[in-house]
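Chain lettering (A, B and C) follows the sequence in which the chains are written, and residue indices restart at 1 in each chain.
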């Protein structure tokens, strides 16, 4: 067990919807305690990849391996085993809660499924989880619609943490939040990773956010991975013209739209 | 009074919002939404209006079209190319919207009639301005050509759903600028677009705006984007303008603690990897904000004096800022 | 503090806003009718079957017979009260049965999708295409008179009415990510559907059921009017109207008018209530966004 083994491995993943290939031969590995970014624009296949990881879509071909074990089983035992190891945070923090249940009830529910026990213990654990993500007990008693976007996203993280997964897949998890709130959630994710050794698959269109939260990254375009490597290295010396275009497209005070146009021509020429 | 008149004849602004306060009444109680907002856009100038949700930035830009929430009560003035918008009757407003002010929205798909052809959309705008339908039909392909749509004649016959978001936003820009307005209001025009598409659309918007000499009010939550394209930027927080500065100086030496906090909270792809510093609490609307300085409950520099009253504007460096201690806001 | 106060205020505002007088009256009337039916043996001034030819066709307001008597001298008030039992219970049976069937089929179609959805949806379309009253008359022809067969047949005829609405609402609600997030957490499909999807679409189902109750009441009354439903000596409002026909021709419309008014008012009140339930749901939805 001294040899580090990837907690999540994806190999030759393909997903077709009819004649459209959404994900085309995608492979990557995620080591324990690390964070991997999947960067891409709309139609890049990044969200489909995330949904396959979470078991919401079945791949047309290819395998997903969690802790060395292939996933995709449909039995209750397989389902629970997978859910106990991999959880997902969605972009829309409002829609990811049952509107009729309080936040605390929503957090307690997966606890009861994954670790049956006395209600007293679950209540204590919910309080602990709320505290861990920086929510008050009062927020726990509220309904989802009474919380702000940032609070809901904290609650979604608390709910996922309750299952104590090894891997957390975050699909554009901070994209809908205000800048100041986004920073809070990023800081929280950073802390959680240091404290619990959890691994992240961070799916995002935002290179700046990906740079902040990930160690390695893959850049996707039209369903394929066009570039992979250390996140810093990709940003410093992008090899693929598409990565270069992505980087130069990010606005900054000395933004050069000429260069963006040049990048695009270079990409089209390929 | 005399001075003001002189200034007007010297250079009439495309947009002049001065001391605009706005409140609505909800179930019997007054809910203030804007307080003392002043925004000026000269002809040919690009002005950014930056803020988080609830800051009142969209409301401010919509006031320039006279589009106020139902039952809104206002004080202050909104003047668009010499026309007093708040006091204008419906006909004047319609005339103004038709000829001198255009608006582009965040979601192009939601703001174009899905069952009408793109050609109809474009010629409609021209014809409302008095252009004959034949001339309008002749000009429409040129308009699309200018915004970089290939095969403009074919595009005119297609429906909005046949275009991608970026292409449709180009159509909207073509439509908005077809009337050669003096003022263009762009409300988060690229937020729904991909990064690379955003760069293209923004580039196009700048080129078109410069070519037409249109004044542009660019509303966005993205400080980096505003700094990249705007001549001047207003930063809004809780229904008030807290800082005004030129694009570059705002970015390099913010004078308001909120501006600085925003910059420090956004991760960047440039330079050394820095730690993002979160701002505690959440962005507030004016009605929820504390007395005195609205930002004081989230501000690291806040002292008791900040609660005493709304800080007056003062010049600091290249900024005009509503803070009592801008000198403590190190870059 | 900041969390609870706006919530309470919103609740109070909601309570004030949505309780129009018509709704209060409708609810009160329905409660009254139900109580009347339940307590008929105690409250009714006469036995519903007590004939008295001397008192036949008394007009309303007659001493001892507030709503008059019918052609055989039976007290109309007592008969309307007793008739309420069958008149309300039978449609209730129809609604409950079609509610269970429609909800099950609608949810199954929405969640399973694919060919299951196609088969169930087309099946519902076919049933929906048959006029319900015709089906009921057919069932009477096959099974003979009595209420059991018509109730079952009507329940089946009304199933698409509920099933189609449940399906479309469930598909709409099912697109919201919270249901997917439960799947990611390892919950089974059945449990997610029953514990999370169903409660969130239930208000729509209830509103739709209330509307179909009104239709069922009218259908069953029509059946009894045709002499195919309730068999004497049992009586419901429909059969009372039917029996009053000759009296109406003789110039004494009371004994037919009273049960007729009872049918009319009940249906109007039930529909009002159903519409309000449906309306308050869509209202809540718009509040959420």
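Rule of thumb we're sticking to: contacts are C-beta pairs under 8 Å (C-beta built on N, C-alpha and C of every residue); 3 or more make two chains touch, one makes a residue touch a chain.
In this text, all values refer to a predicted model and were calculated from it rather than measured experimentally.
When chain centres are set by their Cα atoms, the one at the greatest distance from subunit B is C. Per-pair counts of C-beta contacts peak for the chains A-B. Centroids of subunit A and subunit C (each the mean of its C-alpha atoms) stand 49 Å apart.
Rounded to a whole number, the gap between the C-alpha centres of subunit B and subunit C is 54 angstrom. Averaging C-alpha coordinates per chain places the centre of subunit A 33 Å away from that of subunit B. Chain contact summary for the complex, subunit A toward subunit B: residues 41-42, 148, 150-151, 178-184, 186-187, 205-209, 211-212, 232, 235, 245-253, 255, 257, 260-261, 264. Those residues of subunit A whose C-beta lies close enough to touch subunit C in the complex are 54-56, 76, 79-80, 82-84, 87-88, 90, 92, 95-100, 109-110, 113-114, 138-139, 142-143, 145-147, 156, 159-160, 163.
Here subunit C touches subunit A in the complex through residues 3-4, 6-7, 176-178, 180-188, 196, 199-200, 288, going by the rule given at the top. Only residues 52-53, 194-200, 202-203, 206, 221-225, 227-229, 247-248, 251-252, 261-262, 264-270, 273, 276-280, 282-283, 298 of subunit B touch subunit A when the two sit together in their complex.
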